[in-house]
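These notes are about the structure you will find just below.
Chain nomenclature is as follows: A, B, C and D, assigned in order of appearance, with residue numbering initiated at 1 for each chain independently.
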Amino acid sequence: MASLTPRRRRATDWTNALFVLPYLIVFVAMIVVPLAWGMWLSTTKSDLFGTEGFVGLTNFVRLFGDPIFLQTVWNTFYFVLLTVPLLAVLGLALALVLNRQARWAAVLRTIFFASTVLSVTVVTLVWRLVFLPDSGLLSVVTRALGGTPIAFLNDETLAMPAIAITTIWWCIGLPMVLFLAALQQVPRALYEAAALDNASRWRTLTRITLPAIRRTFALVIIIEVILQFQLFGQPQLMTLGGPNNATRPIVLFIYETGWRQWELGYASAAAQVLFAMILIAAMVQYWLSSRREAR
Amino acid sequence: MSGVVLDGVSKRYGAVTVIDRLSLTIAAGEFVVFLGPSGCGKSTLLRMIAGLETVDGGEIRIGARRVDHLAPGARGVAMVFQQYALYPHMSVRENMAFGLRNAHVPADEIDRRVAAAADALEIMPLLDRKSTQLSGGQQQRVAIARAIVKQPDLFLLDEPLSNLDAALRMRTRLEIAQLHQRLGTTMIFVTHDQVEAMTLADRIVVLNQGGIEQVGSPMDIYLTPRTEFVASFVGSPKINLLPVTVEAAGEMTRVRLANGAIIDTAVAAADLPAGAMTLGLRPECIRPAALDGAPLAARVQVVERLGERTLLHVVLDDGTPIVAEDSGLSAVRPGDRIGLAVQPERAHLFDADGLGHHPAQRG
Amino acid sequence: MRPLALLALALLVASCGGATHDDRTTLVVQRFFGACEAEYGRNTDVAAAEGECGIMTSIINRFEADNPDIRVVENIVFWPGYDQLTAQLAANDAPDLVTMHGSVIADYQARGLLDPVGGDLATVGITPDQFTDAARRAVTIDGKIWGLPLDSWTMLWHVNTNLFRKAGLMRNGQPVLPRSPEELLAQAEQFERRTGKPYLVQATANEYASYTRNFYTFVMQQGVPLFTDARHANFRTPAAHRALELFKQIRARDLTTQNQDYSAAVASFLNGGGGVFLVGTWMVQDFDTASRNPDSALHNGYAVFPYPQLFQRNVTFADGHNWVMPHNPERTLAEHEAVLRFLKFFAAHDADWARTGHMPAFAAVIDSPKWRALPHRAALAEIAHTATPLPKQIRRQFPIETVVGQEAAAAIAGNKSIDQALADMERRVNDILQHI
Amino acid sequence: MRFGRTHPVALTLIVIAAVLMMVPLFWVLALSFKANAALMADTNSVFSLPYTLANYRTLFGDGQVFRWIMNSLIVSLGMTAGVLILSSLAGYGFARLDFPGRSVLFVIVLLGLAVPEQAVIIARHQMLSLVSMHNTYGALILPGLSAPFGVFLMTQYFRAIPRDIDEAALLDGASRFKIFWKVLLPLTIPAQATLGIFTFLSAWNDYWWPLISATNKQMFTLTVGIASTQMNFAQTEGLGFLMAQAVLAGLPILIVYLFFQKYIVQAVAGAAGR
């Protein structure tokens, strides 16, 4: 009898895994296998129609000697630095102000979310029209104010910030909604206690609200880091990576080498580097937030 | 209605043993309280009986059935959780009916039982509210009602009163006692509050570090604590424990305190092992007395008036704090120097192993 | 969520209906040029159609009407459609015919992804000697014909003669065009002084192709090869330096519009914002239409010419559209036959297609009075001889165009020195060529 | 309602920000009602009459666009349903159940978050060619189901639910699946709504995968279909038409959001009990 118990327990454990099995099958088929395939490709000379041969780490060596690739790495980091902190902070600010049940708040929530529903094609088209120095919205306004219109997208230093603004306009809905969901779960009693303690708005924010939504904050940062590292459509459609490569991100590099130059092996190597970068960035962020939590 | 038998049950988390070969028999219809400090394993034991924790060794039987291999739902037990664990998205009615539906009880029978339980706990008007719309006390009643409708062989209650305010706690305590009388079902109640244990239990099981310290009726536990741990855990205010040396042994044992004072006890000296002892004196057996001739002299620090009695917090000359008791109309005031008299027939002695030695029970 | 689930179910059911059977041979034709079914969906009168999309759709409609045994499935893809095509070919899901730029054919041909069509075309009386030089070169590799040319196109010198008149650059009713870089700068400065407007209108924002085309044209005009062989670019030459220097000067002296993207440049030229718009053959019809509109700044003031000869040789960089047949071992004889009939039909309608503004692919059309009677075509006829694609053995012309354009733009805008840009250009292009 | 009133400065700022957010959107809307020819001559003509419905008429002129909308709906709804189901099951499994290798598997799934689409898209394409799945709804939906974000979100959410609830249900004799389905799943509705919106959104706006997988016009999704109708220089020749397409593409999804938004508020309000 006694031996029955452990055997039965192990059987149950395996049936428990049935809950995760359907997802794991898709995960393996659509992520693990393709990723392994990509890793293998990155060690070959291939195009989309076949593999010419194994080349070892040649592709990686070539990558790190390729000034264009190195610039795309820097561009990508620069873009992430421009957008992620702003998305998180603005998203939180919006959520804080709009976290109430008044009708105006609901309307504003919808407005701030509306741009998220547009596809990248439309977003970039609109913002190209906004940034155009000749007849764009900004230039019309600048001229009306007596200034000289600036060619944002044609300026090496301003093009990336312009893309960042476009991206923030487009993506602000996601962090806002995530923060709203988190704020609505902060127990009301905490605010009541703070009010009784005569805490100022600022103190309530920093001592009550922020600690309560700390995990969401970390979540938003990780999600946005992952998303923004994969910048692609905006520069592809707004600047083609220019001027002078100032806005060419890694994914655009991967796309151009893989699909346009047919150098699949080389593109795969760049994709592996991007994967490693995202992984490291996400882990650093995770480590930072969990360390803060532990303290 | 069934009894419960625990036969050498053990529970380990990795290398840590939380319950070590524990055996206990609970009679059908009995109200048993598991009492102990947090971390003593009382909740784990309860959850093992419920089936929420696996059993690493030994057997559990409810009635004639061995249940330790059964799923929780198949054991015929109902449980009231500390945080109530009501299903937040269901109405009160649905909360109560959920378990019955799972057991395929016919719908009209469910309605009948839900109505009866709701009536008994006076929650009829709440039946169609969402459980999240209830106050703490109401949630508690729903949790109990949800347990009752299942007509279980065994009720398990895991610190069900700890989230209620004092008044509500007293009232609910009484109601649980009445409930037990009315249903007659076996109940196991877990608490760290010795007052709840004393007032509710037929028998108290005092647990410490994964093992049983003592099993007995409330008054057994109170009057003849098997160990120093039990003596100090049960009783409020806490028993006074003073290190002593055995001075003379005869029919009675005479002990000497560290400050040289001599106290007589009614403990039979023949039973005592050699070595240092601890004298246990409950406050109610230490009374103020005239300074002359009293075995102890002390200075009063705090006078705590409880109405029907008065607690005196005093220090002996060597600084040892003691709690003594006086009548409700005590004239003692802080700063007074008083003598203390001890009732020898209520004095306990604990040996170096912590085992208690008590005066022979009269009558 | 239940209503959504129901909706999904309803749609699923709906989508499973409507499948029809017919016995016709199916011909899958994949093309760009956009969709205009709303306007031309049922039009079979080719002569009545306007614009690339309209004429293309109408010719295909007409073909289907004339060939009731063939069902044409028209797969319209976003320009230029090569990512999609590449994916399809990798998945062995090849269409029967695809529109393809001449500059791209070599890439697919070299990987065995296309079937030659020369022999088949000969059986229906279409031979390479009927093509213009540029068209023939676009489809000929290793002596075989790999597609049916639709057209050739080049960049053109679109002139606002109203502004030219004001600038004193009209002689005998004809615009005065430059014959050397110096003349170009001098005339442009004269234009700027007299009209207060820039001489050139260029689309330079978010657009690199025109940089490349200008660069290729003016290096070619100096008789210097752009590539020494199939694997080596030849950009660090004085000729290349001169070509970039010219455009750098034009920009530095404010003789061109700046920072306009394609649509802004078009609007600017239409509104009289500059003298000469550097854009391709495809705009001839639009601007001609505008010149007939009394409200337009181009009213009675539009003329168009091939790029002027500024250096030793009179050549213009050219590319063109072609129909090619992807290799497909499963293509049936009937389908193959349908492909051939389709190509023959298109060859017969080359003159109709040429109304788009593109140069006809058949020499006979260029020589025909009908084509010459189209607006401005007489002035453009010489392109049949001056249009010069890049050498056929140069593969990856598509990504190379991007690299050359990016570096040229950086040099012209002053982001880097011309020599540096040419060096980077050559290094990057060689990098691409050497890793083929 | 939260404590306190909105600070007037904050209110002013946010209203200004909202207006700035809206300007491009209204611009798109206005452009979509302008004749293409007028815009070609001067984009600023958008600020003046006349306006026209011509672009919308062109858009609906041939039935294609309805087919594409339907394809997009099927794919987006299918992917949303699939992601919700798979993520909920897996989230429950990872958060609540014990099985060999659980924590290692969970970490591996989390690492999947860092995999960029471009790193796997080609291999996916070739794998699905091997099984001849291209040009089916299945092929359009399948890759989206592998996104680890949903599993991550649902696991976190299930973990936040007190274990007491499961245990009470266990004692009520509910099976493991019933506990998941009847007791815990209803508590995750806010997370389901959030995940649902974002899955639907990314499926609806996805361009790359449908472009290379759905090469048959009958299987085009709205994004690919709309792109295919554009001419080489569509932006010049049909700006108004393009914007009408954008409005059409964005509208269904905005409606979906409005629907879900109400749902989120209700769910959260219900769960919080006020």
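List of remarks:
The rule we apply is simple: contacts are C-beta pairs under 8 Å (C-beta built on N, C-alpha and C of every residue); 3 or more make two chains touch, one makes a residue touch a chain.
For reference, the UniProt names are A = Carbohydrate ABC transporter membrane protein 1 (CUT1 family); B = Carbohydrate ABC transporter ATP-binding protein (CUT1 family); C = Carbohydrate ABC transporter substrate-binding protein (CUT1 family); D = Carbohydrate ABC transporter membrane protein 2 (CUT1 family).
Predicted model, so just to flag it, every value in this text is computed and none were measured.
Across B-D and A-D, the chain pair carrying more C-beta contacts is A-D.
Farthest chain from chain C (centres taken as the mean of C-alpha atoms): B.
Measuring from the averaged C-alpha position of chain B to that of chain D gives a distance of 56 Å.
Remark: chain A and chain D have CA centroids separated by 15 Å (rounded to whole angstrom). With each centre defined as the average position of its C-alpha atoms, the distance from chain C to chain D rounds to 37 Å.
Residue positions of chain C with contacts to 2 or more other chains are 83, 87, 90, 264, 267.
Taken residue by residue, chain B touches two or more other chains at no position, since every residue touches fewer. Residue positions of chain A touching 2 or more other chains, listed in rising order: 48, 135. Interface residues of chain D facing chain B in the complex, by the touch rule stated above, are 162, 164-165, 167-174, 178, 182-183, 186-187, 270-273. Those residues of chain A that touch chain D in the shared complex are 13-14, 16-20, 22-24, 26-27, 29-35, 37-38, 41, 48, 94, 97-102, 106, 108-122, 125-127, 129-130, 135, 137, 140, 169, 174, 177-178, 181, 184-185, 188, 191-192, 195, 201, 204, 215, 219, 222-223, 226, 229-230, 232-233, 251, 254-255, 258, 264, 267-268, 271-272, 274-275, 278-279, 282.
Residues 40-43, 57-59, 61-62, 64, 70-71, 73-74, 77-78, 81, 125-126, 128-129, 134-135, 192, 196, 211-213, 215-217, 224, 227-237, 239 of chain D are the ones touching chain C in the complex.
Residues of chain D that touch chain A in their complex: 1-4, 6-7, 10-11, 14-15, 17-18, 21-25, 27-28, 42-44, 85-87, 89-90, 92-94, 97-100, 102, 105, 108-109, 111-124, 126-127, 142-143, 145-146, 148-149, 151, 156, 176, 180, 190-191, 194, 197-198, 201, 204-205, 207, 223, 226-227, 235, 242-243, 246, 249-250, 253-254, 257-258, 261, 264-265, 268-269, 272, 274.
Listing the residues of chain C that touch chain D in their complex gives 1, 4-5, 7-8, 11-12, 14-15, 32-39, 41, 52-53, 73-80, 83-84, 87-88, 90-93, 262-264, 266-267, 270-271, 282, 286, 296.
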